[in-house]
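Below are two complexes that have subunit A in common, paired first with subunit B and then with subunit C.
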Partner chain A sequence: MTALRARRELGVLLALALLVAFTAADNSRFLSSQSIRDVLLSASILVVLAVGQTVVVVTRNIDLSVGSVLGLTAFATGKLFVAAPGTPLVVAVLAGVGLGALCGALNGALIAAARVPALVITLGTLYVLRGVDHSWASGEQINAADLPRSFLDFGTATVLGVPVLALVAAAVLLVVATWLGSYRVGRELYAIGSEPAAARLSGIPVGARVFLAFVVSGALAGLAGVLHAARYGTVDATVGSGMELQVVAAVVVGGVAIFGGSGTAYGAAIGALLLTTIGSSLAVLRVDPFWQQAAVGGLILAAIGLDRALAARTARRAAARSAADAAAGQDAGRRGEREATHGS
Partner chain B sequence: MAHDSLYASPQRRPGAGRGRRRTAWVPRRWDAALVSALLLVVLGSALLVDGFATGRNAQFLLLDAVAIGLVALPMTLVVITGEIDLSVASTLGLCSAVMGQLWLSGWPLELVVVAAVALGAVLGAVNGVFVTAFGLPSLAVTIGTLAAYRGLAFVVLGDQAVADFPGDWTSAAVETAPGGALPWAMVGTALLAVAFGVVLHATPFGRELYAIGSNAEAARFSGIPVARRKFWLFVVCGAVSGLAGVYWTLRYASARADNGEGLELAVVAAVLLGGVSIFGGRGTLAGVCAGVLLLGVLRNALQLADVAADTLDIVTGSLLIVSVVVPNAVAMARARLARKDRHEGTHERKFG
Partner chain C sequence: MLRSDRRGRRRGGASRVGVAAVAWTALLATAACGGTTRDENAEPEDRGGPTGEADPDAPLRDDLVVAFLPKQVNNPYFTVADGGGETAVGEFGGEYKESGPTEASASSQVSHVNTLSQQGTDVIALAANDPNAVCGALDSARDAGARVVTFDSDTNPGCRDLFVNQATAEDIARTQVELIAEQIGGEGEVAILSATPNATNQNAWIALMEEELAAPEYADIELVTVAYGNDEDEKSFQETQGLLRSYPDLAGIISPTTVGLAAAARYLSGSEFQGEVALTGLGTPNQMREYVHDGTVESFALWDPAELGYLAAYAGAALASGQITGAEGETFTAGELGDYTIGADGVVVLGPPTVFEEGNVDDYDF
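Entry: the complex of A and B
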């Protein structure tokens, strides 16, 4: 199973490598440091969101409200800087993460306590939070001129040529992936996604864990909102709308099973990177930009089809193995019987 | 393949017991509650909101509700079987774009309309094949085709708009039936709704859909061709989305690739508000129609009352949340009362 999962992520990585190689063969400037920096910059926000979504999806839930949470926190960050231009960066980030976590807690509380499906609740909060965003903004737009220089620099700065935003995304990825993969609570999230009833019977506090997963997803969407404000500098109430489907797409392409229980944050991050790269490589390959979305759709279908095929093969092998085991067992049994008759 | 729940929260809904005495004020059925709410809102708006109770406003309100209402009909059936189709708005957009392109290349409009609906059916069949033949989760498949179909719409038409449709066709889309404010388009939608209602509630086919949604495995064992039923539902869903694309194009006299963008969430919201369970197996078409109209009336009335259009999302979202939380809370309360009364819960399906 681990081997399969590793192969699955390797597959996405391979697709990404092929895409990059093919594009670079056509136009070597695609591998220039400037172009790589651009791709990393635009991917980092999607990566943060996809990592958060992974935490929720492995528990057999979904968070459709992330686009609205991102929009709300991006606007709140802008407002914060307009009201208090001297706000230190750390405080702004913490405020954004806190606001996002609050939204996530709202989702989590409704889902875990009222015991209603996540798809419905987060579709509801998608609308509610977007409406709150609109009524708060009431047509207002925050421009780069309203934001402090230091904050905007954070959005474009690089360390040793790597954008700071990409470093933030990488750090988030590393922490969450380790937490999901090697810590008890993280493993419990997978257990819940594999079989909720069995998870409850084995003593996992399912409600509390699902609540936590939504808080994490919300907090990361909040962080993504702050990053978005820093990266683009212009924020209005429509920021991030429709982003939820892109995030779910990234997660699915990255091999996280939509019915929970399997997939890693690394896979989701590679999926996000792949979706972003397609956009810029189509532009480099001078493909009509209108094809981009169609290509993304095809990629999603290919990814879930591949998952299905791999899962079917594993199941066949497991069935074959257990059939062989059973046959061997029967043989042994018969032999035992024969020996017993001999003895008498 | 038998996912018994589509995005179930890990806890299942508790079985509704019988606590008749203390919760008697709650309507027994969700769709009845919704129809009452709809009547109340219409009455309240007519009394309180200037300009609501005019024929012209009613006409616009109904015209706006047609597209969502149309797509909500097959979506109800799809959700009742425990699946979902998120690609409907993209199907609408692609059919609209193809319609524009065919019209540009000189096809007669009658043929263009037929072709658009047929294309919708084909797009639905693609979803159906992925879901039933390959056994993939419909949520993931239709998120994929959501992106793919919308992308193809832009490939077909780019960012241009085709607007030179003949005037008699475009005015027919908004024309009112004689003797009232009811637009022909809404009359057609209502007839289609009746047809869907009869199929769902009064035919063996309809009962089979509930059986599939309640327990696909059991349905298969009792001889229902589960995959074939689901496949055809996706085809119908695509065809009706294509029809909605034709309506959209004529209503706004403009074929564009981005027509109906984001409509899928509004349709799903209306269906769920209408009391259809996202787990499948529960819901009525009357409830969904009431849900569509309730959202339409609220939106219209609040807009007339000068509430900014974008702020209305708060109302849509809250209604959606309330529509699942309240019945569940009531069911839980009933179950608790039933336990207290030492009265075995009989798992009656309330709020269906």
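Entry: the complex of A and C
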């Protein structure tokens, strides 16, 4: 299974490489350092959201409220700086993450209490939180001039040429992917997504774990809100509208099964990077604007198609190999081969 | 609107122009019809209909109920425009109301128009989300005695009394071309970063800018392409990046939409192109202040939405008081803004856009 999953991510990565190669062949400046920085910066926020969404999706749930949570925390961050311009960055980040976690806890509690699919609950909170945002903002807009210079610099700063926001996204990815992949609670999330009834029977506290998944997703959406405010410097009540679909698309393109139980945060992050790169490529290739959205959709389908084709081939090979192994009865050889694939 | 309606967000920006006209229309309609319950305390003879005689010397009534109906209530641009209306209503002693939808969708304003009509509003100042969707409701409101003035975004001219236009498309196009020509020293490649490819007013301005650039004095300026940021931050960022990659000799960018301009400015301010590539367009002083001060943007333009709302309120009051009927050539005084003359199709133009730069950007708050 590990080998299969690794292959699935390779499929998306291959699609990404093809896209970059094609665009760079048309316009070599697409690979300039400023250009790469731009793509990394553009992808950062989507990566953070996609990683959070992965945690929820592997449990066979979905969080559609992330766009609204992002909007709310972005506005809250702006208001915080307007009210207290001297607020340290760390406090702003913690406040954003806290507010996001609170929204996630609301989702989790409603789902646990109402026993209604997460799709329905988070569709509701999508509108509720956006409404709260609207009434709080009541037409106000936070502009770059209202935000402290240090906060705006955080949105554009680089360390050794790598944007700080991208580093934040990478750190989030690393932590969550490790947690999901190698820690008990993380593995339990996969078990819940694979077969909730079996997970419950085997003693996993399903309700509590799903609640936790939503809190994590909310907290990361909150972090994304802070990053959004830093990056764009302009925030009003409509920030992040419609973002949830991009996030779900990134997760699915990244090979996370929408019915739970499989996929990795790395895959989702690559999916987010791929979607962002598609946007940048189309702008560089000067694709007719009337066709751009269709082109985005087409490229998403192509990426998924490529990924499926590779996965199917791998599965066929694995089946053929194990059949051959069984026929030869070479247990030792098979073990060695398995270990080799695990290593890759 | 400057911005397309594709997204709900930050729609406020440049789109404000059409709203004023709608408000005028509403005002006219209100003035034309009497017979609401409020008429008991109003002098019926003051209510001239659009078909009635204009009396330029009639005083402004001090008992008018003036309602502002923006495209959406939580849009910063309309908050400022309606604020200007409130100031005007305060000056002539009427009662000010604001009502509107939270989504700028085509039909969302209908129920608000109906409610205002039932409340016996004298003047409805409307920024229409759709030229036709509110027409039926506006007709009923006008039958019930309301005068309808549209501002920022017009309705079908048949369903309003006046349209207060923020600036003519020609003025908007000319101002932006002048600004970019000045900033790039009269020669080089320029590109336009627009909203959505389907945005009517954007396309009208772009066509006029192309015409303007064809003039001999701009012979050394070449418009290389038009990019579309869809009035989304991220997409506008990416399109700006795409322009800079695709046209390495690009000297300047014009973005006639507030979202695009702010996003392009934010991108340039944090990139190696800051100060190298000129940027201008339509934006609000609050959004652009930071980028004017840090040297990313030299100057940009926009009308003052507060003046737009102010003018719409006065136009509505003039209609409801019988000073004007909405016919071409009539004149009225809009408080401290001075005298205005109604043009063809019942359109009143606020004036050429205001240019904001280092010296004056801090004098405005919208």
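By definition in this document, the second predicted complex is superposed on the first by the 296 of 344 C-alpha atoms of A that agree within 3 Å, B and C clash if a C-alpha of one lies under 4 Å from a C-alpha of the other, contacts with A are read in each partner's own complex, and residues count from 1 in each chain.
As a convention for this text, a contact is a pair of C-beta atoms (placed from the backbone, for glycine too) under 8 Å apart; a residue touches a chain by one contact, two chains touch by 3 or more.
Everything quoted here is computed from the prediction, not taken from an experiment.
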### Task
Have a look at where A:Ser202 lands relative to subunit B and subunit C in the superposition and call it first, second, both or neither.
neither
### Task
Check the residue A:Thr178 against both partner chains and state whether it touches subunit B (first), subunit C (second), both, or neither.
neither
### Query
In the superposed arrangement, does A:Ser322 touch subunit B (first), subunit C (second), both or neither?
neither
### Message
Which partner chains sit in contact with A:Asn61 here, subunit B, subunit C, both or neither? Use first/second/both/neither.
### Response
first
### Message
With both complexes superposed on chain A, which partner does A:Asn27 reach: first (subunit B), second (subunit C), both or neither?
### Response
second
### Query
Can A:Arg286 be said to touch subunit B (first), subunit C (second), both, or neither?
second
### Message
Contacts for A:Leu152 in the overlay, against subunit B (first) and subunit C (second): which applies, first, second, both or neither?
### Response
second
### Message
With both complexes superposed on chain A, which partner does A:Ala237 reach: first (subunit B), second (subunit C), both or neither?
### Response
both
### Message
Going by the contact rule set out at the top, does A:Ser138 touch subunit B (first), subunit C (second), both, or neither?
### Response
both
### Touch count on subunit A, higher of subunit B and subunit C
B
### Task
Using the superposition on A, tell me which residues of subunit A are in contact with subunit B and, in the other complex, with subunit C.
131, 134-135, 138, 237, 241-242, 290, 292
## Note on the structure
Listed in rising order, the residues of subunit A that touch subunit B in the complex are 59-62, 110-112, 114-121, 123-132, 134-135, 138, 192, 196, 199-200, 206-207, 210, 237, 241-242, 245, 248-249, 252, 258-259, 288, 290-298, 300-301, 304-305, 308
### Query
For subunit C, which residues count as touching subunit A in their complex?
7-12, 73-76, 78-79, 102, 197, 225, 227-228, 233-235, 237-239, 241-243, 245-246, 248, 262-263, 266-267, 269-272, 286-287, 289-291, 293
### Task
Spell out the residues on subunit B that touch subunit A in their complex, using ranges where they run on.
3, 5-14, 86, 130, 134-137, 139-141, 143-152, 154-155, 158-159, 257, 261-262, 265, 268-269, 272, 278-279, 308, 310-321, 324-325, 328-329, 332
#### Entry: Residues of subunit A touching subunit C in the complex
27, 29-30, 32, 34-35, 38, 42, 131, 134-135, 137-141, 143-146, 152, 155-156, 231-234, 236-239, 241-242, 279-280, 282-284, 286, 289-290, 292
